[in-house]
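Below you'll find the structures, each written out as structure tokens.
One chain, chain A, appears in both complexes that follow, with chain B as partner in the first and chain C in the second.
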Partner chain A sequence: MAWETVIGLEIHAQLSTNSKIFSGSSIAYGAEPNTQASLVDLGMPGVLPVLNKKAVEMAIRLGLAINATIAPRSVFARKNYFYPDLPKGYQISQFELPVVADGHLDITLENGDSKRIGITRAHLEEDAGKSLHEDFDGQSGIDLNRAGTPLLEIVSEPDMRSAREAVAYLKKLHALVRYLGVCDGNMQEGSFRCDANVSVRRPGEPFGTRAEIKNLNSFRFIERAINYEVERQIELLEAGGQVVQETRLYDPDRDETRSMRGKEDANDYRYFPDPDLLPLEISPAEIEAVRADMPELPERRKQRFMTELGLSEYDADLLVQVRELADYFETVAQGCGDAKLAANWVNGEVSNTLNAHALEPVQNPVSAAALVQLLVRIQDNTVSNRIARDVFAAMWAGEGSADTIIEQKGLKQITDTGAIEAMIDAIIADNPAQVAEYRAGKEKLFGFFVGQAMKASRGKANPAALNEMLKKKLEG
Partner chain B sequence: MPQADSITTLSLRELQQGIQDGRFSVMEVTDAYLDRINRHDGTLNSFITVTHEQARANAVETDNRIRQGKLAGPLAGVPYALKDLFCTEGVLTSCASKMLADFIAPYDAHVAMQLKAAGGVLLGKNNMDEYAMGSSNENSHFGPVRNPWDTACVPGGSSGGGAAAVAARLAPFVLGTDTGGSIRQPASFCGITGIKPTYGRISRYGMVAFASSLDQCGPMAVSAEDCAIALGAVAGFDERDSTCANRPVPDYTASLGDSLAGLKIGLPEEFFSAGLDNEVASAIEAAVKTYERLGAVVKSVTLPNSKLAIPVYYVVAMAECSSNLSRFDGVRFGYRCENPQDLRDLYERSRWEGFGDEVKRRIMIGTYALSAGYYDAYYLKAQQVRSLIQQDFVQALDDVDVIMGPTCPSTAFELGAKTDDPVAMYLEDIYTVPLNLAGLPGMSFPVGFSQAGKPIGMQLIGNYFDEARMLNVAHQYQQQTDWHTRVPAQFV
Partner chain C sequence: MAISDSEVKKVAQLARLAMTDERLAAYTRNLSSILALVDQLEAVDTSGVEPMAHPLDMVQRLRADVVTETNQREKYQAMAPEVEKGLYLVPKVIE
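For the complex of A and B:
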């Protein structure tokens, strides 16, 4: 009988607040060590935490987006353990009563079916600092810049049955948190981190013993780590062994998971409600205020793009992945009045160029208004789609507006039929052999003549006019 | 110019008035107290740090500001001392622990800032039980404090240094903290007045935590009037403490003339049962009679769950302290052991060597109470009983305006009498801890002396944020009596 894989994911999303969850320090990434650590972050004697309201708003926003319950009363608890990068000797987290519970996210499977993944809970907590083990001559350095950074830990049900499903869920959640503006999703900088709980069982049997895999900082690693772990567990079980409950670390260089600590080494965290913080109470009015301020969610927006703007599911899906890209598209579509043209350009030239430069949509140097001007020039036949791509490249390079570039480079389309006619006559005269072949039925050669004409016009001939006249002339 | 020792017999109001009127300078006042500290603290050991130079420099500056009209107010130029767990920028904050024996805080506690802003002059930092854990001030890395009324006896704890200093007139007022009686019990043992306000009345920011849900700062002084002045200066909202109440602070001196006619006083049966010393009981009864003469009505109330307060308190307080003291790990500040072999060794030896026995005992008990499998039976159950204790008080205070009883079962005991029996020491707090569990305000003020000449304190319990009424209730008694103005013979 086959084995069934069971996966649950715990995701730590770093919230995009300006300051830390319990202090006013900045959370900007990459600062000099310990320059963003206040007295509170250092765990100085006598200091006290004060909850950042923005972090709560963001938790509510995510909760609403995954159709979860927002707890009217949730409690911050202390998770007690000793570690040098944990200044207070405890992490402030939520334990028994999380702010968000009982939500779900629907993913699309490879066969096109939809599957609902349950989200058990999402709770607010503070991040720890970092231990730096290099450059200290056998000692360790501590950087507390990250200590107190707000995190939302999002815990799924064990609903995924393959590494692919896990990645699909993860990507969907990744897009969602970015869409909601609650997390920048940067996996390299650790803003979006994933731990995977993996077990295998015979279908229909109770869940097997799980291993928790840590250090999964890219979609690719997650898939590989889960697949490795599944194989390891199956081999172990089939050899008559047993899976032990433990935490395993994924090593991307060797593509394997290694035992980090067993269950018997697990800390007793001695959770208890943090007496320095009052229970977090959220009124229905506060929830409604966040709801009113919610952006249109990707799924809904995709449907609207399809039904109202007539986009294909493929185009719509691509556009809604990143909120800024979808916003950009909508502005362009509205400006030029042709949603399909706008979608082709945003999903094509714009996205390709962004990707080629490894830029995010917000970093796009060509504004929506500037792109609209270019698309209008396609619509009014000033330039062909092909020439427009050159113009776009020049706009990207900062050479000016579409009109300026078209003007300065003389890229205006030739629509004067007399000029086109003269050009075609010259080509026909210069290529008598090809003309004869074409007329003998080798219609493929039509492309050759178009190419010659475009070359002669340096791409500026109006393609429609050119095609029409060329056909007429060749057919004699 | 008055004699230095006559300055130190003045009330806060008289002291400030004298400064404001130019009858004496802030420097003279400061020197008068510094001089008494120099003469007497060798005996008492009530200060860990005396800020001689800073205090005198501050006095010069304060005199100038007052003369230039830039500073006025009820504490302008008035000296004070702080329990050594309030962080003070640039001044040692040791918590009476070897762990912090060299710790200079980089910031001021909220209350330290408030008193600075009010123009007070810091004389120094008072001795205490290590991390505020104790009822006798014998658990100090810097040695025990002695009771000015009988130097063979303890001053009570944990704010024992401050209480002894006020009793011996080494400071006109001090700030202490009270987690289970640590203001009221030493106030009682030392014959002074002290108030633990409602939980949340004063910001805890910058106060090194013992048990966060119970800790509260409060003033200790000779009289209720002095406490009213000091409380007014430090109470109020501070956004850095999430448990601090955002509500206005009344002028606590404004109601000090109110009549007590018709005041309803409740006497809890449970506070006058077995274990209460006869002399203490008689003094309390006599004080209650004084109140009846002032027009108060006395009735009996019951606090049936208060007998559970000690076990509940010691579970909650120790659980919280076991977590609060985790930050003292030898990594960033405080004591670090010599030549740690590895991280675990650094943690274990730094904490083993840095903390005293009582602190370690409490950390261990608290850690146990929070452990998997014990949490429900100890911590959770204690919190449930805590609610019952609170409800008892709420019900009783529906019927009466204030509750009165003894602060402690007996008067000050001799040094060493209870050090080998932690449970006997914990029972010192039997009348005081229920209030902390309920978050209610409580006071202690002197109502007599034992035949051996040791002070007896009465505890006054009020409703939430009813400190103004409580201070007046104590003040009216002090208008009728002179217990609070008496000074131990050795320190006159």
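For the complex of A and C:
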């Protein structure tokens, strides 16, 4: 009899603000230890938290993008526990009244169907510091730079039924927070962290006991960890055992999940409203202000690319993954007047080159205007698509504009039929054997002649004109 | 509502408060009477009343997202018991 997997995901996204959620310290990554830890972050007696406006706006932005309700009134609560990287002995979070509730994200399954994943809530909270356990001989080193960094904790409904669905949801949410500019999604740096709640049950039965897997910092690890955990739970249950509600860590080297030993079961956090913070009230006007300021969301943009610009779903989907890429594409498409040509180049040469250099679209050294100039030269037959790629590589390397490079390297396409004809006549004269074979029926040799012509013209013969002239001449 | 002394011990442990046996009896008594007072308050029907967050009817003011703090690590760490390479050293806590 089959087992059904049930997965819920909790994501902690670090917000891309300039300062911390409750203090004016910088949150820039990579600073020397404790150089970005103010008295408020250190939890010194008497300090008070003051809420960062931008963090609230970002929470609203995310809430709107997932079709959630923005709470007109939400409350901050203290989550009490002791750990060296938590200076106050409590984390300021939101418990009963989160700022965002009841949203959803639609994912595309492998078979192409759409599935709606519910998002129960998203709330604001502060991050803790970092503990370093090596290097200090029986002690741990604490860096509080990260303490107070704004987090948005996004909690899904237990709607996912496989590791694949979980990864699809995660990838979509990851792309969305980056697109909105609320989180940079850097999983290696810890700005986008995922915990997975996994359980199994017989179809139709109530939910089984779940285990929480922490320490998941890549899409691949998440998929493997969930699969391992599902297997583990099924084996356990089939052997007559019980799943224990606990926190487990994923070990990528051994590809297994392990129980976190030594952790006290069910830490009682004793949540209560933080008396140092008043309720956060958000007016409809404020929500509309955030809405007006939002970029066109990926889904709508994709649909517009398809209906208004005639792009395929595949092309449109690729373009809207990163906002800067979609922006770049639109400028290029407008500039050259051919959306399909622009899409081919942006999804092709531009994206491939960015990936090869591990760069983000925003770091693209070839401006949209510069690329337009190159595409116009393809459109007016100055260069062929193939030669244009060489020009693009030179532009990327900073050798100048398309026109400059074409001029300097003499890459202008040969479209002059007289010149092409002369070239073909010479090739035919030089290769009588192959001409005879071709005329006798060996049509595959056409490629040989094209190759000869490309060699003779150093790739500059206009392919269409060449093919037409070649056919005519060979036919005799 | 009475609170048992084992519950008092548990709460003290969670809050990392030292508890001796003689103190335990006193705390249990006092907390029990405080909770009895809370029971009286809870008997009142407040279903139509908005919870009061602040007597002056204020809401949380917001701070502009600007970096205002500078690095004062040396000054702040001068009072720490143990520091090395800019990190606060504490007894190792094993997860």
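The definition used in the following text is that the second predicted complex is superposed on the first by the 472 of 476 C-alpha atoms of A that agree within 3 Å, B and C clash if a C-alpha of one lies under 4 Å from a C-alpha of the other, contacts with A are read in each partner's own complex, and residues count from 1 in each chain.
In the analysis below, a contact is a pair of C-beta atoms (placed from the backbone, for glycine too) under 8 Å apart; a residue touches a chain by one contact, two chains touch by 3 or more.
Note that the structure is a prediction, hence the values are computed from the model and not measured.
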| item | value |
| --- | --- |
| Touching partner for A:48 - first (chain B), second (chain C), both, neither | first |
| Which superposed partner A:90 touches (first chain B, second chain C, both, neither) | first |
| Touched partner set for A:26, first chain B, second chain C, both or neither | second |
| Which superposed partner A:289 touches (first chain B, second chain C, both, neither) | neither |
| First, second, both or neither for A:436, with chain B first and chain C second | neither |
| Which superposed partner A:464 touches (first chain B, second chain C, both, neither) | neither |
| Touch count on chain A, higher of chain B and chain C | C |
| Shared chain A contacts, counted only where both chain B and chain C touch the same residue | 39, 42, 50-51, 80, 82, 84, 142, 268, 270, 277-278 |
| Touching residues (chain side chain C, partner chain A) in the complex | 14-16, 53-54, 58-69, 71-73, 76-77, 82, 84-95 |
| Interfacial residue positions of chain A with respect to chain C in the complex | 17-19, 23-26, 32-39, 42, 50-56, 75, 80, 82-84, 131-133, 136, 138-144, 260, 262-263, 268, 270, 273, 277-281 |
| Residues of chain A touching chain B in the complex | 39, 42-51, 78, 80, 82, 84, 87-90, 142, 268, 270-272, 275-278 |
| Chain A-touching residues of chain B, taken from the complex the two chains share | 85-87, 93, 95, 100, 103, 105-107, 109, 204-209, 211-213, 239-243, 319-320, 322-323, 325-329, 331-333, 343, 347, 367, 370-372, 375, 379 |
